[in-house]
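First chain written, first letter: the chains are A, B, C and D, and each begins at residue 1.
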Amino acid sequence: MTKLLFFGRARDAAGCSEMICDLPANVETVAELRSWLHQRDPELGSVLMARDIRVAADHTICVSEATSVRGASEIAFMPPMSGG
Amino acid sequence: MTKLLFFGRARDAAGCSEMICDLPANVETVAELRSWLHQRDPELGSVLMARDIRVAADHTICVSEATSVRGASEIAFMPPMSGG
Amino acid sequence: MIRTTITTEAFRPEAELNAFMESRGDHIGAIASFIGYCRTSSAAGTVKHLELDHYPVFTEREVARLADQIAERHSLDALLVIHRVGLIPARDPIVLVAAQNQHRAEAFAAVAEMMDYLKTDAPFWKRESGPDGARWIEPTAADYARRAEHAK
Amino acid sequence: MIRTTITTEAFRPEAELNAFMESRGDHIGAIASFIGYCRTSSAAGTVKHLELDHYPVFTEREVARLADQIAERHSLDALLVIHRVGLIPARDPIVLVAAQNQHRAEAFAAVAEMMDYLKTDAPFWKRESGPDGARWIEPTAADYARRAEHAK
C-alpha cells in the first residue's frame, strides 16, 4: 500500500489531500506513476502530468521522470512551492 | 566674526570643537581658508589641508577648493563621515 | 544558535524579536530582521485570509536544512525563522526571519536569502481567499530571478 | 510616515519596533529592520564605549534628507531612523532603521541603503575607546563600495 499526498493545486485536482493506493507492479518510475494516475482519473491525471509538479518519494525529491518510486510508502505531488 | 567648527580628527588636531575667528579680508575661498589656518597653526593646518576633510559654510558643503566662504558665519571642517 | 519553527499558532513577532535581541552575544554588531504579513488585498483583490499548506516533517526538515546552509554561508551567530501555516487571517504575521552577525552586510544578506528561499524552495503552498473565492499563489518570475542570484 | 531622530539618550529598539509594527496599514506585507549595536570588541581590540560626534541641525537635516530620498525611491509607506549620538557604552544600540512596504524587495533595499548612507554620507564621526586609548573610525573601502552601488 502506498500513500499518495497532494499539495496546493494538486490537492484541489485530487479533491483530497491523501489517497491510499495499491500501485500495480508495472509502475516503477515517476513517469509511469503519472501515466497510471492519468489512466485512472484523466482529470486528476492531466494536472499531475505537468512537470512543474514535482514528486517526492519518502521525503526525497525525485530528480527525474525516470527515478524509481518502487517501494516508497509515501509519495507526494508538489506544485511550485511558495512560502513567506 | 566667524565660528569654525571641528569634527572627528579635526577636533583632536584643533584641541577644541569650535573657535571664533576674525577671517582676514584676503581669505575668500576654501583653499585660502586652509592656507591661512596652516600659517597660523602649522600642526592644525597640516591636518586641515587634507582634501578628505570637507568644508561646509553655513550648513552647505563647499563643492570645490575655489568655493567662496566669504561672509559665512559658521564654517565646519568635516573628516570622512561614519555613522551607523 | 539556529532556530526554525513551523507553527499553526499565531505568533507575536515583537516578542520573538525581543527575545532574539536579548540573547545576543557581546560581539554582535548587527541584527537584521524581516516580518511578512498577510495583506488585506493583493493583485487579485480583497484578501480575507491565506491558507498555508505544508508537508509535515518534510517541510520542517527542509526549512532547517536551508537555515543551516544560510547560517554557515554568512557565518551567522544566530538565525531565527518562524513560519506560520494553516489558516492565517488578513493582517496577521506569516513569517519572521532574523539574523545576528558581527557585521551588517552578512546579517542583511542572510535574511534576504532566507526569505528568497522560503518564497521558492521551501515546501509551502499558499492559497488566498477573498470574496470571489480562493486561488493558489505560486512564485513569480521575479521571485525565481531573486532566488537564482544566490549561490546554491 | 517618515520619522528620523538623532538622540543623545539611550533608546530601546524593541519598543520602537513594536510601535512601528503596530502603526502599519492593512496593505503592508513587509517590514524589514536593522539594529546596529556597539560591540565590546573590534578589529583594534576591546571597546569600552563609542563616542559619536554630530553637527547639530546639519546632521538632523542631512539624515532627514537621505531618509526622504530613500522613502521615495522605494515607495515606502513608512521609514523609521533612530540614531544615537554622544557617549555610547559597549552593548548599547546605536542605530535602528525600519521600513514598511507592500512587498519585501523594496523594504529590504531601503533598509540596506539607509544603513550604507549612514555609514558614509551622514555627518557623524565615531571614536572608539578601549584600554589603549581612543581612535577615530572612518568608513572602510568596503563601506564606500557598497555606497557606490546605490543610485544617487
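Structural remarks
Throughout what follows, a residue touches a chain if its C-beta (ideal position, glycine included) is under 8 Å from a C-beta of that chain, and two chains touch if they have at least 3 such contacts.
On a predicted model such as this, the values are computed, not experimentally measured, just so you know.
Contacts with subunit B and subunit C are shared by D.
Taking the CA centroid of subunit D as reference, the farthest chain centroid is that of A. Between subunit C and subunit D, the centres computed from C-alpha atoms are 23 Å apart. Subunit A and subunit C have Cα centroids separated by 27 Å. Centre-to-centre, using mean CA coordinates, subunit A is 74 Å away from subunit B. Across the assembly, subunit A contributes residues 84 that each touch 2 or more other chains.
Each of residues 36, 104, 115 in subunit C touches at least two other chains. Chain pairs that touch one another, listed by label: A-C, B-D, C-D. On the subunit D side of its complex with subunit C, the touching residues are 13-14, 17-18, 21, 24, 26-41, 90-91, 102, 104-105, 107-108, 111-112, 115, 142, 146.
Interface of subunit C with subunit A (complex): residues 36, 52-53, 55, 57-58, 61, 83, 94-95, 115, 118-127, 136-139, 143.
Considering their complex, residues 5, 7-9, 11-12, 56, 59, 76, 78-84 of subunit B touch subunit D.
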